[in-house]
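Naming follows writing order (A, B, C, D and E), and every chain is counted from residue 1.
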Amino acid sequence: MDRKEQAKLIRERSGTDVRKCMKCGKCSGRCPAYAEMDIKPHQFVSYIEKGEVEKLLESKSLYTCLSCFACVERCPRGVAPANVIEAVRQEVIRAQGGNKVQAENIPAIVDEAIPQQLLVSMFRKFNK
Amino acid sequence: MQRLKTAMIEKATALLTSGEVSKVLGWKKGELGFDVEPAVFTSVDSLVDFTYDAFCGANLSKYLVEESKKEGKILVFLKPCDSYSFNQLIKEHRIKKENVYTVGIECQGKVDPYKLKENGIEFVTDASETVDTVTVNGKEFKKEEIILGKCLTCTKKLLSYDDVISFNEKREPSLDRFEMVKKLEAMTADERYAFWKDQLSNCIRCNACRNVCPACTCTKCVFDNDNSGIASKANSDSFEEKMFHIIRAFHVAGRCTDCGECSRVCPQHIPLHLLNRKFISDIDRLYGEYQAGEDTESKGPLTNYTTGDVDPSDVFGGK
Amino acid sequence: MQKIGVFVCWCGSNIAATVDVKKVAEVLKAEPGVVISENYQYMCSENGQALIRNAIKEHGLTGIVVCSCSPRMHEATFRKTAESAGLNPYMVEIANIREQCSWIHKDIEEATEKAIILGRSAIAKLKLNAPLTSGESAVVKRALVIGGGIAGIQSALDIAEAGYEVDIVESAPTIGGNMAKLDKTFPTLDCAACILTPKMVDCAQNENIDIMTFSEIESVKGFVGNFKVQIRRKARFVDEKKCTGCGVCMQKCPSKKGKNEFNMGLNNRPAIYIPFAQAIPNVAIIDPEQCLKLKNGKCGLCAMQCQVNAIDYTQKDEIIEREYGAIVVATGYKPISLENFNEYGYDTYKDVVTSLELERLMNAAGPSDGHLVRPSDHKEPKVITFIQCVGSRDTSGCGKPYCSKICCMYTAKHAMLIREKYPNTEVHVFYIDVRTPGKNYDEFFRRAVEQYGVDYIKGMVGKVYEENGKLMVQGSDLINNEQVVIPSDLVVLAAAIEPNPSVRKIATMVTASIDTNNFLTEAHAKLRPVESPTAGIFLSGVCQGPKDIPETVSQASACAAKVVGLLSKDKLKCNACVSHSDEMLCTGCSVCANVCPYGAITYVDKEFRIGGGKTELRRVASVNEAVCQGCGACTVACPSGAMDLKGFSNKQIMAEVDAICKR
Amino acid sequence: MQEMNNEKKPLIVAFCCNWCSYAGADLAGSSRLSYPADVKIIRVPCSCRVNPMFILKAFQRGADGVIICGCHPGDCHYTTGNYYARRRMSLLFSMLDYLGIERERTRVEWVSAAEGAKFSAVMNDFAGKIAELGENKRLEDLRCKD
Amino acid sequence: MKFCYYPGCTLRTKAKQLDIYARKCLEKLGVDFEEIKEWQCCGAVYPVSKDEVATKLSAVRTLASAKEQGGKLLTLCSACHHVLKRVNCDMKNDANIRLKANNYLALDEEYVGETDVVHFLELLRDYVGFDKIKEAVVNPLKGQKIGAYYGCLLLRPSETLAFDNPENPRIIEDFISAIGATPVNYAFKNECCGAYVSTTQQDLAVKKSHKVTDSAKAAGAEKLVTACPLCMYNLTENGNGEVPVYYFTELLAEALGVKE
């Protein structure tokens, strides 16, 4: 699939209109995981708007986004950057071999206190 | 009934004699006994033809539009339903009140000549009535079998008059006047459509309903006026009569007192009052109960509003 | 025999690109009664109008149909064209084939077909048109200005200067509005009080101006040239005529807990007070919520102290009625409430303030006598961070979708003034865009950066929180692609401005159009920017849209010019499309008068011939054409069809329906 | 959605008050917000100028839907016109429904001069509903057959 | 008014306290409730993508069975609440998802978002009322300084969750006051603790949890309350360890005197 097509697909999947962005950067100003991101929330919106997805597919931000929706809550234009990040992440993990969490690593993660919900979420978020 | 008639004639005689009135508007006997007609009596002598009995269904108030313009004061006898029309006409400045002497008379429902015919009575030789029964040619009928549709649901009261003749014999209504409206509303649109198509296709545009209606007192009806854009003498297509009846009902909406004359006079027995009653029931439901003709000052529901009125889209309870 | 001319406009490519204008002209030419049908590039141009004029004369046209843009745009133009060629201006009909056809349809065939139908409908209507003439009504030579801020003051002064009487009605106890609260004004940095208060004094001294403060509009009736306005003069419990403004009462008043509105609630004032030193009128007012005498009958100190017996605890609201020829709406603005922006901590932290509050903190007449200290501990802030666009350009539903226009400039002003007076203070400004169109505006902003070293950061703030006694301002620096956290002592929010909430009520009373943001709509954005579409209503200042002071003053003067133009006329032409009653049909039933909002219908007893040499006296409706505005409510209420509307008659509308529905 | 064939495109008559809805329609136009060409607008000074006769006449002449647009209640240019229109149309529509005519064929919408987008949306929606209802069969016999 | 109680997976195992105390409190407060029949996992994560339908179905089943049982759906775990509420909103407003989900599930009656999803805290605020709770308290937690920890899932996006003011919520503070303790306001009460990445990127989770617990500690909080098992786990495991975290139901049970 060509990249433009892919960008369009991601845009549709995100359910948010990236053209409404006025480039104020409030999303990135609010993001609690900003420091750990290589590509910042406002850049996700901007890249998708321009139809450039290549860098995004390789971004480690896909896994550092905390899904806390602070960016969605505060966007003055009703854009949802978290939805864009999620849409890109889906693009990655739905592809062959895209799973982030490998089954063999699970035992190391599981401890006495870990709630089921967290394990289920982990699989849901990072794997197909 | 006889004593009521006697009292009315006494009253008329007295007023004519004293010169307080110069005419009397009442009812005159017909040839068949039930074909009573409204009539103006100008002398004590002419009162020999005066009658008041179970067949005096006709509403006299509309005649006053013309009669009150003429010289001299006129005495009129008004049944409860007639007096609502009278009030409405006063409100609309159609009757010169100062030229009219009103006497309220009590009524316990008037006989429907068609129902008589259905019972095989072609003419009346003698008749008498009580509050609940009518005896015609020796045959006794219960009121609810024989009286006019409009009388079956009548809840109208004696309003204020110059004088009242009453023996406090009131008949209670036997039906809810909105029963049929509710029944129709409960039908599917298809059924309603079929009902009205069936009914209104009988219309022959004789204009009897319009001519009798005390709310239809226009000098020239819009349907007779070339400038109105809808003038038509006869129905050129089958919608014409629908249009005629919808517009007529709309024109009298909020002014119609529900006197029932339209249905009484319709030679095709179309239940035209059901159109008016639909408007009345909608008005009551949407804008609060309103009885046209109950007084002579209140603003009618269509010349009034509140800022919180229901939206047309919510009339049926949401889009 | 009617001779109709049809003129199809291309509007350049606006119409011609989607509608086959030649075909429209051709098809309409075949309509009965049409003798000429032309098409032209710009019918509204001088050449286009000449084409129409010539055709009217040459063919002796009895009426014309122009297929063009909306009648709201050029109906008046073409009526004038017709009139200049000797045709009655009401023998013109417009078929709207631009806004309601070419601009909304893409398919040429479909659009052309619709244009033809619209043209036919206009022809059908035109055939039933009758020449109309407008009546006249007198003009009351007095104007009302609603709102006593700089906009209202300027409009009133200009109208008064031209020799007309004008009343200012202001809801606050003094005129002056928001501008009175400002410290310095951009881009010249002169002090607001120095330029505003002389104007306020001018108002008070001008014989033609009557100032009614602490007053509100109760109701407006009438129409252009003849408004009847009821004004509620609210009880101030002080006789305005007696009070000398000495201020002794203020000192003696024992109840001193009222929030000082003039200082944005940053300090308190007594229950009896004069809003500020230069208030006009310089008269005290009692706040009944705070006054011990009014609340529980015990006190009365101010009355005892007053040398001129001006205090009147029994004063009641008073309603007065006046007549005006024109009304100026100058209701101004207020900053929005920040309840939807808790991420900036306005409600949580005392040292997060709005820009208008900062104005008071910096003002020599403010709560800290011009010494800039932070509200929490009255210490001088060392780091001040400004956040712009708080609630402006916000389409999420929390704020306002528009740009408030003044914030970029006043923030630059604040930053500059602070850096000048307190050079050791660090100033940061978070911005999305810096918008500085205006004479010497960008230069002003650049001075803040280049001369005063204000740190401008492109990016929005995500969160303000307290840590170790500092306000941590966390936001984006988009140029450096960083998230920055600035520990600050004072945070200033450039809150969006919105129209004064009372404007909606006023707009309803004067029937002026208002947009979804509660700004009043102008009759035309470019050509009639200071008038409401409702005749006789004029717009001055921010009630029409965000504006700074220079713009507000220009608009206020423009508005005054329009008012003076109106008041200088002795008579006004009335609306020609008025109701009239066909006396032969009218039954005098009074239904129509019941629904007339203008009281234009009365009833007269008139003698009519009824044949046979006899006459009868009949009650019939009579319409006052100067008062009728032509809504048509009466025409539908009338059961007999006697009442009809000129220009929109039953027959005309039916003809349009017929033409549209013809298959 | 377009169930009718080409000769029988739906016909919709829209009565728009001059001050709000007609201006709203103009705004829809200048914003290039399209709606079906089936909609033909008749300009009236106020929604209170719309006589029930006009609506019936339109149906009689073959309209498939009639919509009346006016200023929002409270915003009438003539202060009160739309309040009367609201009552009149409520009663008339209820009557048409009572006679078995599809209630979706008539509608009242309040569209301000600022609501170009709403105007377009309303017309698209109404035209869609009318297209779904199809030709005005129920009122077929009220057509003038000329 | 009836409530269909939805425990969710974690409440049956790791977060038993949240569950047990909740039931006891409901009984004590006289709330009419029954456990929802045949409940399934909510799905744990709300699938944000517009093209996700299958992953929302289990939530729809739960919502539909609440409709069948004729009550409001009562949730406790913030994550369950978040997922169920947002899926319900989709079923109400997103025609595409509604159509596909109904086609797939083939329920007896189409589900179009009729169920009201109510969080336990909302129940306390809107249906019981904090005043009534104050009256019911037998063992007020006097003198305890408690920080409310909201996290993300209950508050955002506020357009859908409509739980409380997303930037300055009060509901848990009001709750803390109602049980007689003193609420402590601190800046990071609605900031994410980073629980979702605690398994994959522990360093980030530690950083975020410290931010929250440090901020609460600095403001003087002795303990934190939460409604979320994920936050509970993360703040306890990865926080600064100086402010213990409790489920709000445990404190409620203590105050109402039903804690054993």
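What we mean here is this: a residue touches a chain if its C-beta (ideal position, glycine included) is under 8 Å from a C-beta of that chain, and two chains touch if they have at least 3 such contacts.
Model, not experiment: these values are computed from the prediction.
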Seminar exercise, completed: Overlap of the chain A and chain C neighbour lists contains E
For this session: Would you kindly say which chain has the C-alpha centre located farthest from the C-alpha centre of chain B?
Result: A
Problem set entry | Interface with more contacting C-beta pairs, comparing C-E to B-D | B-D
Problem set entry | Distance between the centres, which are taken as Cα means, of chain D and chain C, whole angstrom | 30
For this session: Take the average of all CA coordinates in chain B, do the same for chain E, and state the distance between these two points in whole angstrom.
Result: 68
Problem set entry | Distance from the mean Cα position of chain B to that of chain A, given in whole angstrom | 77
For this session: Calculate how many whole Å lie between the centre of chain D and the centre of chain E, each centre taken as the average of the chain's C-alpha atoms.
Result: 48
Seminar exercise, completed: Within chain C, the set of residues that touch 2 or more other chains is 343, 397, 463, 595, 637, 650, 653-654
Problem set entry | Residue numbers of chain D (touch at least two other chains) | 52-53, 57, 74, 80, 84, 88
Exercise. By residue number and range, which residues of chain B touch two or more other chains?
Worked result: 222, 228-230, 302-304
Exercise. Which chain pairs here would you call touching?
Worked result: A-C, A-E, B-C, B-D, C-D, C-E
Exercise. Taking the complex as given, what residues does chain B use to touch chain D?
Worked result: 184-185, 189-197, 222, 228-230, 236-240, 242-243, 246-247, 249-250, 253, 275, 278-279, 282-283, 286-287, 301-307, 309-313, 315-316
Seminar exercise, completed: Listed in rising order, the residues of chain C that touch chain A in the complex are 343, 389, 393-399, 432, 458-463, 474-478, 481, 483
Problem set entry | Of all residues in chain B, those that touch chain C in their complex | 69, 91-94, 217-222, 225, 227-230, 251-252, 255, 299-300, 302-304
Seminar exercise, completed: Residue positions on chain C within touch of chain E in the complex are 341-343, 347-348, 397, 463, 465-468, 472
Problem set entry | In the complex with chain B, residue positions of chain C that touch it | 582, 584-591, 594-595, 603, 616, 619, 637, 639-641, 644, 649-651, 653-655
